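You will see two complexes here that share chain A, one where it goes with chain B and one where it goes with chain C.
Right, the complex of A and B next:
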């Protein structure tokens, strides 16, 4: 590991140790925050008991589905909108303000239309994440060198072949930013929708534990979610850097 | 009026018309969905407009909108203040930046709603809790973009600052700030929308005031006229603020 990596590890460990000490020494009321070691020791039996397996599977399944749908449709829509500059100009102001209003307020409407199933939450996650992917696709396509489109025309590639063989790889770094954003937006909106109004899922479990004043369970679940989110993000980040290296770009 | 300006005006009018056409398409789609879902599940555009006209001048709206505005104002001040401070520090001090950036990125991408119960336990059911929750949303994008802006400064600027024996404070005010303003304003713009999002979320859970509270109430009662009316107000508010900050951002870019 590099020197910076070591320092980072020391900073993180020191922060956790400080929290642990402050809790143990009584500076922090155990009714407010429990020591990190207890969060971990509460999480292990909770995971082992299998009580929350269904919730984990449901939340992760919904997030995955929403993220995959938004990446696929976001890319396709991005291609389409990029091909129609006039539509794009008209849509720009909507894209710019899209994220100011929490999309999941339309969750009850989705329930009314699709009934009680995981689909309303999938759609909420999709609706939140897809716009990030569209914007990233547009950004990426803007930066595809002109000469490549000319090459495609010289070789008489069709629209689909040009998109897949040429534009996709050329815009890849920006698309990857879109994928990262889509995953994290899908995650955030799914958890938020579960938290506010849902019958199952990890977000629901945390809200329930809070309402029951069950701090150990609540902190165990929060720890679990933070670990999942960090692992997914670090994996995407590492993948991004490896890709960039392979392409010979050292910006990352 | 010369020809360039005339064509610019024509272009702007066409853009505005296109944007309006999209709005009309959305309205038609909404009408269609309302037809499919039934008026109890989703009120159509007509009834919503009627409701909107009564609702926005009402006391109920004024009280809750004021509450949201105050919470949001405080949250924004804290988010901007801390975000800029962290960004300047991590941008100017290379080692801190290298150590801190991945930590900030991870914090940025975790669903902060999971931390809301912790904030509620720390602050209780107070306005401070909502302000804190809104602020933690905004701090990170402001800090990350400020940091990136400072790092992208051409080194020659800093060298001349050193050659001129500027104090650290003078370096920040006279060199760093003007060189980084466009990117910093972009950070403030993103910080604005996510802070608003955070404040609304905090009002939705364990709160008795604010537009977020009204929305969650409407969600439970399936009062879609009021829900959509509030969404429209929020959208317009965010759109205006966004356009204003974007305008400033573009002006700064042109100046540099």
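Right, the complex of A and C next:
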């Protein structure tokens, strides 16, 4: 492991140890926060019991669907908007202020249209994540060196071949940033939407445990979500670093 | 052979005017130019910054269309598409960072539907010729600037062009590497028998490499003087120590000094 990796690990371990000590020593009321070791010991039997398997599958399925839709449509819309400079000029202020609007305010409309199905949650995840992908695509395409367009013409590549064989891979590092953001935004918004919109899923389970004053179950589920989110993001980050290193654009 | 057949590429009455944009008038960048590139020669173009050297190259390559006049390559008009048989190496690093050196070199020829065995033969040959054989599996980020430029030259070589257009390919390299790259290009020129057009701002590079050198005026660029160097085909960077080399660079500078000042907006008198 690199020195930076060790520092990263030490920070996490120290934070967990500090929380553990603070809870055990009574600096934090155990009725409010339980020690991390108890969260873990509550999570293991919960997972082993299979009680939350359906919720895990549902939440991950909805997050995956929202993230995939965001990436695919975000990339396609980014390509289209990049090819239409006037449309882009008109839309730029909306993109710049998009995240000032809480997408959740539309949840009553979503329920009115789609009912209590997973679709309102997928759409909220999608609506939160898609603009990050559009912006990343525009950003990436802006940074494709002009000389590559000339190289494409020297090799007599058509518009589609130029996009797929040169522009897409040239813009890939920025697109990957968009993918990482889309996955994170989809994850956060889906969990939050499950709190208020859903009858199932990990977000709903956490809300129910909270309402029942079942701290052990609530913190076990929060820990599970933290682990899932960390694993997914770490995997994407590792893939990104590995790819970027090969292209000589990493600083890590 | 008739004189017209000897011209590998030709420009007649070519001008290039870039249309005005909001608040800015049109820019007359080049011409009118009448010029013939002889088959198999090494021709360099020098001139002050902004005189239209790269525009001239892009017109010959078919990357731009002339505002007036005609461009022809191997007797056929060039009209907005790069003809078969022309290879271009640009000043900027145009290697593809996501591909290995081997795949970079093979990129163009794979687009042309050449059989895999032939692709392998041509790429191996080009990489060996450019001294990149041991780096075939490396990525451009693992190479120096000079080596990345050699990758781009290898990608062009694999296409077996009859006319190689070099747009300041050594502009970003240090002086010593440029001299050595010059030797590489001379070796390439002799081996392929291709016609080479080199755009450069370096008078010594032009004097060392070329059979003929065209000195261009400040914008709108026109040829003010075309100098025959008289170098033998078998030559390398050691000719920089010959007396004739100093004479050629001296004549080029005599032509270009006033034009360079003009392009900077400074009068001769102000300098004196």
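Methods note: the second predicted complex is superposed on the first by the 247 of 252 C-alpha atoms of A that agree within 3 Å, B and C clash if a C-alpha of one lies under 4 Å from a C-alpha of the other, contacts with A are read in each partner's own complex, and residues count from 1 in each chain.
The working rule: a contact is a pair of C-beta atoms (placed from the backbone, for glycine too) under 8 Å apart; a residue touches a chain by one contact, two chains touch by 3 or more.
None of these values were measured; they are calculated from a predicted model.
In the three-chain model built by superposing on chain A, chain B and chain C fit together without any clash. A simple residue count on chain A separates chain B from chain C, and the partner touching more is B.
Once the two complexes are overlaid on the shared chain, A:84 sits clear of chain B and of chain C alike. When the shared chain is aligned, chain B comes close enough to touch A:107, but chain C does not.
Taking the C-alpha centre of chain A as the apex, the lines running to the C-alpha centres of chain B and chain C meet at 90 degrees, rounded to a multiple of 10. Applying the stated contact rule after C-alpha superposition, one finds that A:246 touches chain C and leaves chain B untouched. Applying the stated contact rule after C-alpha superposition, one finds that A:188 touches chain B and leaves chain C untouched. When both complexes are overlaid on chain A, the residue A:145 reaches chain C alone and has no touch with chain B.
Fitting both structures onto chain A leaves chain B and chain C with a minimum C-alpha separation of 5 Å. The intersection of chain A residues touching chain B with those touching chain C, taken from the two complexes, is empty. Residues 58, 61, 63, 81-82, 86-88, 90, 92-94, 96-98, 107-108, 111, 139-142 of chain C are the ones that touch chain A when the two sit in their complex. Interface residues of chain A facing chain B in the complex, by the touch rule stated above, are 4, 7-8, 11-12, 31-33, 86-87, 89-91, 93-94, 96-97, 99-102, 105, 107-109, 112-113, 180, 184, 187-188, 191-192, 195-197, 203, 206-207, 209-210, 215, 218, 221-222, 225-226, 229-230, 233-234, 237.
By the touch rule above, chain A contacts chain C in their complex via residues 145-148, 150-151, 153-157, 161, 166, 169-170, 172, 246-249. Against chain A, the residues of chain B that register as touching in their complex are 14-15, 18-19, 21-22, 33, 36-38, 40-42, 95, 98-100, 102-103, 105-106, 109-118, 120-122, 193-194, 196-197, 200-201, 204-205, 215-216, 219-220, 222, 224, 227, 231, 234-235, 237-239, 242-243, 246.
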